[in-house]
Each structure stands twice: as C-alpha cells, then as structure tokens.
Amino acid sequence: MVWTDYLLALPITLLTLFALGILLIDFMLPKEMKWANAVTALIGVGFSAAGVYKIQLWMNGSPGTLGMLRTMLVDHFALYFWYLFLAATAIAILMSVRYLETEHENHGEYYALMLLAVAGMMCMAAGFDIVLIFIGLELMAISTYVLVGFLRRDRRSNEAALKYLLLGAFSSGIFAYGLSLLYGLTGSTNLGVIQQELARHVMNSDYKPVAVVALLTTITGLLFKIAAIPFHQWAPDAYEGAPTSITGFMSVAVKAAGWAMLLRILVVGLIPMRAIWVPLLVFVSIATMTGANFAALTQTNTKRLLAYSSIAHVGYMLLGLIAGTATQLSPDGIKGILIYLLVYTFTNLGAFAVITALRHRNVIGDELEDLNGLYSRAPVEAVLMLVFMLSLAGIPPLAGFWGKYFIFLSLIESGHYALASLGVLYSVFGLYYYLKIANAMFMGKVEESEERLPISLSMRTALAVTGIATLYIGLLPNRFIEMVNWALGIAQHPNVARLTQ
Amino acid sequence: MDALLHITTLHYLVLGAALFLLGVIGVLTRRNVVIVLMSIELILNAVNLNLVAFSRYWQGIHGPNALHGQVFAIFVITDAAAEAAVGLGILIAFFRNKETVNVDEVNLLKW
Amino acid sequence: MLFLGHIWLLPLFPAMGAAIMFFFGRRLQKATVSAVCVGSVVLAFLMACGAVLQYVNWAPAHDHQPYEKILYTWLGSDTGHLNFQKSDGTRASLQADAGFLLDPLSSIWLLFVTGVGMLIHIYSTGYMAHEGGYYRFFGYLNLFMFSMLTLILANNYVLRFVGWEGVGLCSYLLIGFYFQRKSASDAANKAFIVNRIGDAGFILGMFFIAWLCGSLRFIDVNSFAHAGHFSPETLQYLTTATLLLFVGACGKSAQLPLYVWLPDAMEGPTPVSALIHAATMVTAGVYMVARSNALFILAPKSMLVVAIVGALTAIFAASIGLVQNDIKRVLAYSTVSQLGYMFLALGVGAFSAGVFHVFTHAFFKALLFLGAGSVIHAMSGEQDMRNMGDLSEKIPVTFRTMCVATLAIAGIPGFAGFFSKDEILWQAWKFHPALWAIGFATALMTSFYMFRLLYLTFWSPSRVVSHEVEHHVHESPKSMTIPLVILAFFSIFAGYLNVSESMGGAKHIDKFLEPVFASVTEKEAPAGESGPGLTEYLLMGLSIAAAGAGWLMARRAYGNAGKGYTEPIAAAAPPLYDTLLNKYYVDEGYDYIATGRRKLGDVRLGVMGLAEASSWFDSHVIDGAVNAAGWITRSTAAFSSWWDKWIIDGIGVNGPAILARMLSYPARLFEWGLVQWYALVMTAGLVGFAFYYVYH
Amino acid sequence: MQSHILSIILFAPLVGALFLLFVPKENKDAIRWIANIFALAGFLVSLPLVPMFWAQRFEPGFKFVEGAAGNWIPSIGAGYVLGIDGISFLLIMLTTLLGWISILSSWTAIENRVKEYYIWFLFLQTGMLGVFMALDFFLFFVFWEAMLVPMYLLIGIWGGPRKLYAAIKFFLYTLAGSVLMLLGILFLYFHHHSVTNPQVYTFSIVELYHTAPQIYSDYGPRVATLLFLSFFFAFAIKVPMFPFHTWLPDAHVEAPTAGSVILAGVLLKMGTYGFIRFSLPFFPNVMTNPATLLGMTVRGWMIFLSLVGIIYGALVSLMQKDMKKLVAYSSVSHLGFCTLGIFALTPLGLSGSVLQQINHGISTGALFLIVGILYERRHTREIAEYGGISNVMPIYATITMIMFLSSMGLPLLNGFVGEFTILQGTFMENWKWGAWAVPGVVLAAAYLLWLYQRVFFGTVTNPKNEKLNDLTPREVATFVPLLIMAFWIGLYPKPFFQILEQPVNHTIAMVRPDYPQPAVNAAAPTAPLVVPASGVPTTTTPSAASTSAPPKMKGTK
Amino acid sequence: MNPTITNPPVATPFFFYLLAATMVIGGILVIARKNAIHSAMALITTLLAQAGLYLMLYAPFVAGVQIILYAGGIMVLFLFVIMLINLERNLKERQFNKQWLVGIAAAAALGGLFIAVYTTSTKGKVLFPEGRMTYGESQNTQNVAMLLFDSRLGQYMFAFEIASLLLLVAIIGAVVMAKKRI
C-alpha cells in the first residue's frame, strides 16, 4: 500500500463513512426528520463525487493507475462509471424521500445500503482482480437484495427479494465456479495475467475445453447481472416487486455496474476468447431483443413493462460488443455501450421517477391504467414521460437515440448488416409498447378525479434533472460523446471522430 | 488404476463438479427455501474445493507462496456467510407475511 | 390591325362575362345578366368578323401564312433549359405558349361559332327566362364560349387541349344544369368521363407529336410534316400518333365507340344541346383532324380508319334515329350521324368538304335544336313525339323554320345541306364505292327520320295527352323566334358559298382553305381533276332520289298517324325494331362489361368490378398483411405468454409430473412465476451453450 | 456573412409554441389568436425569401447556406447546415402556407385541449421545415424522425374513433422505414470516410454527393442496390408508394382536418423529396443498372410501382364510401404520378413531379378542408349521408367543384400543369410508361365526379342536411390562398419552371451524366419575363437569366 | 517452507475417497432428506469432510475457517431459522417441486459435461497434473496472512476491507429483514 492507494480508495471510503454516519444519525432522528438521512446520503454522494474528481485531477491526463497492488485499475473508464453510479444514486435518492414516507418505511438503513451498494459497484468497475470484482459484486448484490425487500410489509416486495436473492446467489455460485476455473487455468486472479496466460498457453492447448467451461460459467454470471435472455427472468419480478425508486436504481446503476464488470472481464480478461464468446453473444442478443420485445408487448404493469424494455435494451447493447471482427473489438461498439448506459441512466430513471410520483395515498400507481389521463392531472410529468418513452424508443433528437446510433454505427462499420437491420427493426417494434404508455397518458380516458398529482420538491428536482439531461444529451451530445471518448482513451480530432486503438 | 489411485487435482475437480451438480439439483428441485439456500452453500463449497485444489496445483508451479486460491476461498466463505444471513433474513420476512417456506408458493409476481 | 393584333382578347370577352357571373352573378338582375353575357358574345362576334376581315386583307401580302400572336410562355421555363430528348436523340425544350393563331380554317370556325353562339345566347334569354339559376346558366355558356374560342384560336396542341377540356367541362356543367335530376347528373358524368377517355388519347397523341417533332406548335408541326423524308419507323409512330389523336376526336365528336354520351347529353337545356351538342363543341374533333391534316396525310392507315369509323358511325346512328320517339334524341342521333359524314369526308382526304359540312351543319342543326326547343317550350316540356302532332298552325314560325332545316339536312337541292353532303358522297365514291354506298344509305335514312319528325310533330293529328297542355300551346317570344329565322336564312344560303364546279359554283370555301390543306392538294395534284363527269351527276341524282324517297316513305307512314299509330319497322321486323329502339343495347353492354355499373348476375365486371376487387385487395390483402404482421406479433406475444403458461409450466414443469404421477395434479396446472423454473431456464441455457461450444 | 433567413423561418413556429406554453390553458381564445398570429407570422417571414430566391434562381448550388459542416456535433461530423435550392424552396413555401391555413382552419374544429393542439402543430411545422432545409444528413434524419411525434399526437389525441390504431400504425410504419434509412446513412458515412483523403467523417450532403456514387464500383451492384432499398423503404412508405400505402387511409380518416391537410400537403412530400434529394444522386448507377431483380430493373420496379399506384389508388378511390378515405386513396394515385416523374429521370419528369407535389399540396389540402367543413357540420363523412348539398351550400359547392377540377387535372388549373409535364417527361423516356399512366387521369375524373354527384347533386334527401350553413368568411379565407395558387400555377407556371430548372437539370446531370444537358449558351428567353400576379418583384432581366451559368455537373468524378 | 518431493503417503487415496464419499453422500442427503434439520446435519457432515480434504491439500487455515465459520457459524444460523419457521407443515408436504425430473436432468447434463470436459484429454495426458509436493503446514497461515495484510504482497488487502463491508451489509440486511420494527 502506498499513499496513492488511499487516494484511489477515497470515494469508496467516503461512501462507507457516510453510510455508517447515516446508521448512527438515524437513531437520533425523530420520525418527521427522517429526510435528513436523504440529505446526508446526498452529501455523501457529493463528497464521493468530489473524491472522484480529485482522482481525476490527480491523474492529470494519464490513462490510468493500477493501485492496490495491481488489484484495482483506476482509469478513465472506471471514473466514468463512478460518476455514472453517483449520478444515478443521487437521482434515486431524490426520488425516494417522499416515496418512503408514503410507504412508511423511511429508515436510514435504506440510504446506507444504497451507498454501500455504490461502494460495491465502484469495486466492480475499477476492479482488476477477480477477487475484488467478486467481492464488490456481492457487496452490491446483497445490498440490493435487501433494498428490493425493503417494503417488508408488502408481499410483492418480499417475494421479489426472495426470488432475486435465490437466483442471484445461484448465479453468483455459477459465476464463482467459473472464476475458480479461470484461476485454475491461469494461476492468477489478476485480469491482466489471466489475459496473457489465456492468450499464450491456454487457448492452444488441451486446456481449451476447460477454458470454454470457465468462460460459459463466468459469462452466465455476467449475463445474469445485466439480465440478458435466458438469464433474465429475475428482472421482471424483482423490478415489479421492488420499491419503485429501487427499481429505478436497479435498472440503471446496478445494470451499469454489471456492464462495467462485463466489459472489464470480457474485454480485458477474456479477450483471447473473443472468437468463442461473440457467437454466443449473437445468440443471446437476438434472443434478448426478441424475447424481451415480445414479452413487453402485452404487459399491463408499467414497471414490468419497463423491466422488459430494459432487458431489450441489453439486447441492443450486446450488439456493441459483437461489432468488430472475430478477434478485434470495435471501439465504436464499446463507445455505444457507454453512451447507452449514460443516456439510459437519465431516461430510465426519469421514467421510474414519474411512476414513483404516481404513488400516493392508496394508489400504487404501477399499472398502465394508473397512467390514464395523466396529462390532465400532471401535464409536465406526462410530457416528460413522453420524452422519456420516446428517448427509450430511440427517436432523435432525444438522448436515447445516441445509444442506438453508436451501436448501429459500429455494426455497420464492421459489416454486420443483418444484425443491424434486425436491431433497428426491433427498436421500431419497441416503440409500440412505449407508445402504449404515451397513449394511456394522453389519450386514455380521464378518471373522475381531476385533482392534480401531489409532487414533492425532491421529486421535481429529480424529474428536472433527468428531463433536462435527456433533452440536452439529445440535442447537444458532443460534450458527452467526447466524455465517452475520454473514458475509452479514444483520441479526439476536431470535426472528425477518428478512432484510434 | 493408477489414475484412480494417484490423487491429482483432477480428482478434486471431479469431486467439485459432483458437489456442484448436487447443489444445482437442490436449487432446481427442492421446495423448501432453506434447503435451496443450503444447496447454494453446496455450490459455493464446490467452488471452494476447486479453488483450494487449484491453489495446491499452482503452488507446485509458482512456489509455495502462491496461495491465491486459498485466499479466494476465504472470500467465498465470507460471501456465503453474508448471503446465508441475508437470505434467511428475507426468508423470515417472507414467512411472516405468507406463512410458508415453499418456493413454489412464491408466485405472486408472474408473467 | 386593331382586331387582328388583339385577337387574344377574343376569348377573354366571354371569360370576363363568366368571371362576373362567378363573383357577382347571384346579386345581379336577370336583365343585367343577359346584358353582360349576351353583350360579351356579341362583342366577340363583332371582333371575330373584324379579325377575319383584317386577316383576309393581311394574308395575301404574307404568303397566306397563318397569323400568330403569342402572349406569353405558358408551359415551360422559357429559357430553353428544360429539355427532353426527341425520338431522334436531339434535344428539344418544353414550351407551350399562350398563343393564338388565325388562318382560314380557324376563321371559318370562329365565324360560325361566334355567330351561332350569339344567336343561341339571344334565344336562351327567352328560353331560360323562367328557370332558376339564370346567371349560372349564362355564366356556364360564357365559359363555354371562352373555351371554344381558345380551342379554335390556340396556336399549339396544349393550348388547344385547354379549350378541349374546357368545353368538356362546360358541357358537363350544362348537361348537369338541372342537377337535382339524377338522370341529368348521370348524363353529365357520362359525358365528362367518356370525353376524358378521348382526352387520354389526345394527350398521348400530343406526346407522340412532341416526341417526333420536338414542338407542339402547329406551325412547327406542319413544317416538320412538310419536310418529308421519314424513316418507316417514324411513319409508324405517326400512324400511332394520328390514331391516338383520332381517339380524342372520337370522344369529343361522338364517334363509334365513344358516341354514347351524346344522346344522354340531351338532359341539358335545349339551347345547350343546340350550341354545344350540335353546332360547335362536337365539331371540335373534326377541327382537330382538319388542323392536323399534314400529319394525317402522312398516315394513310389512320385516314382509312377515320373514314371507316365515320361511315359506320353515320349509318349506325342514323339507323337508331329511325325509331326514337324523343324529339331531341332523334336530333342527337342525327348529329352523331352527320358527324360521321364529316369524318368520312376527312378520312377520304376531302378535308374542305368535311369543313364545309361542319359549316352548313352548324346552322341547320342548331336550327333544328332550337326549333325543337321551341316546340318543347310550347308543349310545356313535353319531348315525346308520340304525344305531339298538328302543331303547324299553332307555332307557325317554328314550323316554317323547322321545315327549312329539315329540307336542308335531308339534302333537298337548293338548301345548304345538299351541297355539302353531296360533295362528301362524291369524294367518298372517288375513294371507294363501298363508302359511298354507306353514305347513300345513311342519306336515305336521314331523310326518312327527319321527315318522320316533321310529320309526327307538326302535321299528323294531334295526340297531345292533356288538355291543359294543348290549351297552353303558344308561339315562343321574339327573342327565340328571331334567331330561328336568322338560322333558317343561313340554312338555305350557306351552301351557296361552296357550290362545286360541276354545278357551276366557285368553291369559295375550298379556295379560302387552300393554304391550310396545302399538303392535301399537293398530294392530290398528280391525280388530276378530271372535271365534272357523268358519274358525279348520276350520283347526285341518286342522292336527290334518296332524299325524296325518304320523304315519301315518312309521309306514308306518319302522315296520318293518330294515337297509337304503328311504326312501320316495328310492323315489319319487331326484333329489329327492338334492337334499334334500344340503341343496339350498347349502353347496356357498356354498363355490364366496361364500366360495371350493372352487375352481371352476381359478378361485377369492368372498371368498377376492378375497383371493387382492388378495394377488397387493399383492405384484405395489403392492409391484411400489415395487420397480420401486427396480429402475428401480438399473438406471438400471446404465444410467449402461452408458452410460459402451457409449454413451460405445462409440459416442462407439469409434464414430467403428469407422466410420473399420472395426472394427479390437474388442478395445479396453472402455476407460474416460479423461481426454480427461472433457475432451470438458466441452467438449461448454460447446458445448451456448453454442449454447443464443447462439442462444436 | 451568412444569411439567417432560413433559421428564422425554421424556428418561427417553434417560438410560437414556446410562447404558447406560458399562456394559461383556460384562455382558449387567446391561445387561438396567438397561434394564428404565429402561424401567419411563420408564413410572413417566409415571404421575403421569395424575392431573394428569385434573384438567384438560376445560380448553381444551394442558396442561403447557413452553418458549416460538423459544427453541431464535431465528434461525429454532424453539422447544423441549412440551405435550399429550387425544389426545397417551393416545398418550404408550400409548408409555411399550408401550415398557416391549417391552423386557421382549426379555429372551431378543435374544442378541447386547445393549447396542446397548437403547440404540437407549431412544433410539427418546424420539423417539416427542417426536413426540407437540412443540408446535413444527420440533421435531416433528426427532423425527419422528430416530426413524427407531433403528428402522432395530433392523430392520436384529436382524431376520430379509431385514432389509436391509426396513430400507432402511422408512427410504426414510418419509423420502420426510416430506421433502415439510418443504417443506409451510416453506410454512406463510413464509405465517405474510407474513400476520402484525408479520411473524413461527415454527414454533409454536399460532400456525400461526391462519394456515394462510388459505392457502386467499390462494393458492387448488390450492395449498392441494397443500400438504395434501405433508402427506398423510408421514402416509399412516406410517399406512400404502392404497396406501402395502407397507413395513409387510416391516418387520414382518423386525423383531424388540419392534420390531414398537413399530412397530405406536406408530409407525403418528404418522401418524394427524399427520392429527389438522396436516392437519385446517391445511387445513379443503381438507377441505370441494367441488371434485373425479379425480372425488372430497379428503375423498372420503381416505375412499375408508381404506375400500379396510379391506377390502383384511383380504382380503390372509386369504391370508397367515406369521403376522406376517397381523398386519401386519391393521394396514392396522385403521388404515383409524382414518383413516376421522378423515376422517369428526365428534367421534364422531375420538374413536373415537384410541381405536382406542390399542386397536390394545394388541391388535396383543399379537398381535406372541404371534407372537414362538412364533417364539422354533420360529424359524418359517409357519402351516403349527403346529397343535394349544392342546394343549401352554393358557395361551398362552387369552391369544391373548382378544387375537384384542379385535382383531376383540368387545364388552366394547377393539376394539369404538373400532370402534363410528368407525363410528357415520362413519355419521352419510354412511351409505354406514359401510356400506362394516362388511365389514371380518366379514373380521377370518374371518382371525383361521382363523388361530386353523390354529395352535391340531386335534391336534399336527408332532412339533417336541410339546415346546413354555407361557408363563414373565415372558412372562405382558408380557401382563398389555395384558389389563388391553383389558378396561378394553372395560368402562369413559368416562374415555377424557372425556379425548378437549375436543381432539376443538376439532379439529372448527377444521375445520368450522358443525358444531353442544355448548352452553355443556350438561347435567351424569347419573351421578357413577366412579373407574376402575386406581386413578386422581378429582379432578373432576361439578359441576366441568359448569361447565368448553366448547371454544372457535380459529384461525378 | 521448503517443499520436499516425497512419494505420497499410502493413505492418501484412501482418505481422499473416504472423505469424498462422505461429502457426496452428505450432499445427496442434503437435497434428499425431507426434514430440514436432517439436511442441515448432512450439510455439516459434508462441510467437515471438506475441511478434511482441505487439510489434505495443505490448506490448514482454510480448513479451520471452514470448520469454525461454516460448520460452526453459518449452520447454526440455518438451524435457528429452521427452528424458527414452521416445520410440521412442511413434513406433510411434497418435498420436491414439479419440475424435479427436468431439473435433475438439466443439472446432470451440466455436471456430466463438466466432468467429461475435465477427464477427457488427448494423448493420455491428465489435465492439471499434480506436482507431488508437500508443503510445510506451519507456515500456511502466515502465507495466507501475507497475501491479505502484507504491504508488499498483500494484494487482497482492499478486497478484505470490502469483505468487511459485505459482512456489515449482511448484518444490516438481516436486521432490517428479520426485525419486526426498526
């Protein structure tokens, strides 16, 4: 350990400190002051972000630092994801305040768990050692299990938590089994060494079948976390049952962490096996797009619909990994995934924020019918929801378009025309169910209660942030594209997006 | 016969695979959530067995200090403990509401 | 050059009248309406006279060239940059001007159109005095005059087409003037659509000409035609082009097989029938063929087709006219038949004879229609000749003028029709005796049905049904009778303008038209005029005899026709009579087979049948495919639900259980949302991938 | 110094929409006034463009170019670049005019959710204008897609009984086409990058004109054809060409009147515009490729589909029982003429096609207004419900007649000029194509006149029709500009031909370099240019016109 | 810690198979017994046998952790919960769910595949050949600790810290979930 390691761990340390702080403060807070927990958590997120920024300043343009005795790689990629997690968490916290009050579950543990989950995610994104990644994954996963079941009196929440936990633990078991084989094959837990060993010795030897088994079991765990078919089935149930704010959090932050881990492992550790995992991902991607889009079509529960929609988006994102040649990744594809995650964070959180806002008094608000006539009850929210839906569908000039744009760009670039066509057609297909939501809001029969929906200040803030971000990224994406280029270490040229490897 | 009598890493791997198999069967077939959780423990133990066996194998190549697998196993055990604790906690919460521990009665959320 | 230089104003006078009616007509008094509309046509007539006079003076000094006045470029960018490729690969630019052309041919048309038109306008002030929509009627009439004058004066085919369509439109509007009557609006639609079919031919013909000549100006086209030296291919295209033009002429001039609209067009007010459907518009086809004579001469096959269609139409329509009972329908079929004569003349190359017949026909046929209108006016709207009779005393002016017209059309010597018709028959004989024979038979029939009309209306005993009507019979006002008298005058004396050499005439009109038909005369020149021969006189005698015979037969049959008289043809050959009375069932045939207005059994054929089929195809097949895609999608979604429900839970989950425990849990068939099922899917996926990759 | 007039025209409606956001929604009349004022303003700001454009109508290239390539999103090379040529100029003017008219026509038709309605409408207006102005492919695509949303809402919220079905069908159908186009665009983008030196990523249309035709030689006919098809689907669905037309009747029938007017008047033109602006210059070799695809060349297919559309649309119109549906199917037929003119690949066909697009906007726009007026009074569009309307609404009947005549292509009205030019242009290319299109003209007369007969002629048989009011002055006002335009184009189309001359010849030069182009010193105009009746000042003398440079051949190396 | 190469003790195969058999039988009992307490007992047996195997693999520290943490800690937790929740009802019900046959088939396929992959090799070579070395057990704990805590070698130090957070989360989670009022 050298002093820089402390710096690299600073954001995680800060999050942990604030989480512990919340646990302590929570005891002293009277019931009506519980919002202070949220404020504390927000401050914690802020401090952590400042810590990330400090690291960014310290790095001063260098591509990245291996810290913690080569177990942690803090590079632009990791910083990008860290920012992303923190932003998503901040918005999710804003969404939660009023919601938890309504649910009578306003406890400090909620925020503490959220912050600890983010600490886990940070380890996943920055981990360069499968042990660290695994532990980070579990930290995040276990926090999320609890958060999903946080509405303890709600049977759906219990059930979602139980299902999520059982499947999550099962998949981590399989994942760990794969990691153990990887370790066995290479003798190291370090991703860099794993890559070298795989490339040098394993792939052209008798050990290749074992490596394949290792790959398959590992990838099962990875695909489970990002909810790709056929490892997706937990997602709709968990999304539906979880508190809506947590559904939002899961659908973006947890998913982004899963992606970060997937990219780290597949793109760094298992890149020598690209020829094997690409066909697999092709299958998974097509299956995911097909299955999720079809399944979403007839959903009547908004959260479940969005769950399937987020599964479908995973299908598109996987296309970004497929792009490229048999051995070479397309940088544009990875770029597409990163941009996708960015816009998806804001758009999807925004959508869940609107659904969260619908929860009031005796209305749960997650059925499609609950959206009926939303326009007359809350016009701004309805229009924002429309924006989010169209963004999810990938209609320019909204943010969601850019994710799809880069994915398809990379596919065209590398000559996967058929996949690209399939992808775009499924995105049209997807529009249908997004429009179902829009139809309900704008054209659905107006309920007798014409009263305005009560929306709290924090929720307004969350909606404003997500809405503005969706529009801003959509209209002026340049800054964000460059941010992603920066995250991937892609050189920038004025006026030209020349990609260097 | 020599292959059977001379115990190598491979034997441990096969044993681990068998344990893994049993765990998976348990997860897939038992109705009792507690036993499903135990089956998950079996899976994790299979992983640990692998890790420790590999650790032994790599000690033979990289020298006696190459104990990464053993350390990894300790982490997996930690994780197993945490998972079991939270899992049982959630189970209790669920049991309070539903008065059952049967997995196939966890079916409110569907489609 | 006051008139000639401003010849473009000529069509604009009636256009102004129409515009005034359009904007202010509803607020104007009837007197004002009459003043404006009749005034504009009178102005046009005076101007036409002036222009023609000036042209006649101007032409000798200019080598008998047509006078052309271009107002502005209408179609085309006028820069010469908007090009197309001609048939020979060279470039030409799209250009159609708002330009006007006056030459002998258009002069003749101009004079009789404005003249007859003026008379009919005057007549209408009386005829329509008690009708509603007075201003509307006159607005339409003026619009018609505008279109007709545009048609006549246009200097290129496209502008001609403007007038061509314009007169079609006005015809539509005027036929449908009594739009409350279904039959009227039906007839109007029929007229317009049948005309449109012809117009389609016209357009295509125009394109061929443009493709071949690179221009649509008559002067350019003529000089192209005169240039000579055509490849066989070009000549073939010219034949196609002229045939297509003739299709247009068939539509407008009611030739076989597109004549069907004209008899129905009698639904319009009678002055309209006189003006549009007898004197002017229907001759537009003749005008067009005459105008394109330079091209037709190059296409002998087309000429033959024109002649044969003309002859057939003549006899076909005349035969139908023999038995019709509606006074206007008799005249309508007579018009079709006479138009057939004109085309016969054109087809045999006797362009000036055809034009001459148009000229004389305009007067006597307008007179016949106006007379018929007067009769109908007197009979309080009765049109069926079976309910008339013995009107000669009661409406003497009408009676006398009608007599003149009948004598003229029947070809009694001394009247206008004799000269023109006889010239045509003579030319047809020269071309082929068979054509003459048809023309001769037609002449016989013409005489018969015209005198039949005369006898049934004026001489035979009165068969008027209601006493009130009989009591009401009265002579028409002066505004109606004076035009009749003037027309009667021309019906007698117009013929003397072109008495043939064989009868010591000077053929004024032929001479006047000579520059227009230069190509014809050049071509005919080598054959040489053999001078008046014996044959010519013999034929003349034969046709006079035919006219007389028709008269006599009519007199025998109808001279004393009382109530319930018998038709001689019906007595002789009832099936033939039925066929003729039903117009050879052509309308029915069209309705069943071509348009599909009527169903043949349960099947609808023709255009509407096709339309029905397309409509079905659209809603069931094409949209069906779209909806089916949607349906399949949704049902796939339903299927995946179903799959989860039945296959996954049913067979996958329950199936083994069923097998193992012999259907002991049928009630538990419906359990879903199971975690372990999810885990199983994961495992199965993993197994699938593993098998694929390990053993691939 | 760049002129910003295009941006001003583009964003004027959007400003109105933003302004309306701050008006309380209870105050309906104020909203109507403001929306109408902004719509009129949108039209008025476009008027200065007329003299400005007229002055340089013969000059080559795009005019009023604004922005630079890649200034919007430098990292991918997308720019906010606007610019117009004669084709887009005419379509822009049509858009601003129809936009104003349709907003005016909605005054009484829209009673609920007035504020939203106008906001979306103005938003739509900006989207459509953007499509016609964009010189950057990316910008084009953004506008192309963005304008679907307001249209979807207009149909979906203010539509008829089956509005949801129609709105979703419209949206999905159109989107399905355009996403494939996106892939095509990306292909061009990469191709441009791979062939230029130094390698540049750009979406600039002018740049892509140079490289896109090379795809044929670089990748072979098959790829080029597929690429052409990817664009084709987007445009053909939008046009719509047979057999991609079935969204149109549904969308039209369900849309509110003003929506139909805009849909028919402007939206459909985006498809034909796309063909002219992109499909032809990008894939000249595909167009002229003699190889056959299922028995016909690509161009043969295009012509075939156009011809089928003409006849088929007309036949189906004949059988419709719903007035609006009839007019909708007649659009299929009319747009068939437009595509026919485009794929004839002759200057005449192309200019006729653009002119016919304008004409269709005018006459079919008016027809939808006409149907809308009856619908507003009786709330039914069943033809059988009417009859004898001439007796009670004479002014209305007259205007209808004129517009019907215009739609069926009667000379001296606008329809004829377009149809005639298209047919001639097509005929000169292959006389059989022209011959097959002509029956469409006949059928147009049939279905329109039959409709007229059934609705207007006869006596009033339905007692509900006895008390119908004739047009109000506001309603007449909506027709007046259309009538003026109809007569103007019919009587004096020369200015339009002159405006179209340069872009059309330029396009043909790009598609068919072997097609004979006008000589450099072509004959000067034979007659002095006359100032058009609308008071457009003429700033170009004939000599200036004759000395103006002829269109240069661009984009073919 | 000098590795010495010696012949393996005769007893090695015997103990391996003994312990392996115990483990497998224990595992089977875990998933086969109806009574959850019996399953838990079987699991403890398995875990203890596994600890024995760890010892054979020269991993005494892990073996200790296994016994203390697993058999001692986690299993007690399990037993508590089993006691806490109603047992009687479960005993009367079906033990397996309805997909058990398919489940077993899928799992068997997977496990069989794994085993097949491990045991199949070309040219009679065995994968992962054993180096036949023995190691001093005394230093094992120090070496593990080195990897966790040494400032130079302790590469898992950070992961270890995070593991503490994991346990913290487990505590919070268990409390939140299991406690009636918080």
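All chains are identified by letter, namely A, B, C, D and E, in their written order; residue positions are counted from 1 within each chain.
Keep in mind that, in the parts below, a residue touches a chain if its C-beta (ideal position, glycine included) is under 8 Å from a C-beta of that chain, and two chains touch if they have at least 3 such contacts.
This one's a predicted model, so the numbers in the text were calculated from it and none came from an experiment.
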Minimal path length between chain B and chain C through chains that touch? 1
Could you tell me which chains are in contact with chain B and with chain D alike? A, C
Which chain's centre, taken as the mean of its Cα atoms, is farthest from the centre of chain D? E
Between A-C and C-E, which chain pair is linked by more C-beta pairs in contact? A-C
Centre-most chain, if every chain is reduced to its averaged C-alpha atoms: D
Among all other chains, pick the one whose mean CA position is farthest from the mean CA position of chain C. E
Whole-Å distance, C-alpha centre of chain C to that of chain D, is 35
I'd like the Å distance between the centres of chain A and chain D, where a centre is the mean of that chain's Cα atoms. 43
Please compute the C-alpha centroid of chain D, do the same for chain E, then give the distance between them in whole Å. 72
Indicate the whole-number Å distance between the mean C-alpha point of chain A and the mean C-alpha point of chain B. 27
Listed in rising order, chain A residues that touch 2 or more other chains are 131, 135, 138, 142, 145-146, 149, 152, 161-163, 166, 170, 174, 184, 209, 212-213, 237, 432
What residues in chain C touch two or more of the other chains? 641, 671, 673-677, 679-680, 683-684, 686, 690, 694
Residues of chain E whose C-beta touches two or more other chains: 97-100, 103, 106-107, 110, 113-114, 117-118, 127-128, 153, 156, 159, 163, 166, 169-170, 173, 175-177
Listed by label, touching pairs are A-B, A-C, A-D, A-E, B-C, B-E, C-D, C-E
Would you tell me which residues of chain C are touching chain E in their complex? 652-654, 656-657, 660, 665, 668, 671, 674, 676-677, 680, 683-684, 686-687, 690-691, 694
Contact footprint of chain B on chain C as seen in their complex: 641, 644, 671-676, 679-680, 683
Footprint of chain A on chain C - complex, ascending: 633-634, 636-638, 640-641, 673, 675, 677-679, 681-682, 684-686, 689-690, 693-694
Show me the residue ranges of chain E that touch chain C in the complex, using the header's touch definition. 97-103, 106-107, 109-110, 113, 116-117
Enumerate the contact residues on chain A facing chain C in the complex. 162-163, 166-167, 170-171, 174, 209, 212-213, 216-217, 220, 224, 230-231, 233-234, 237, 276, 280, 291, 294-295, 297-298, 429, 432
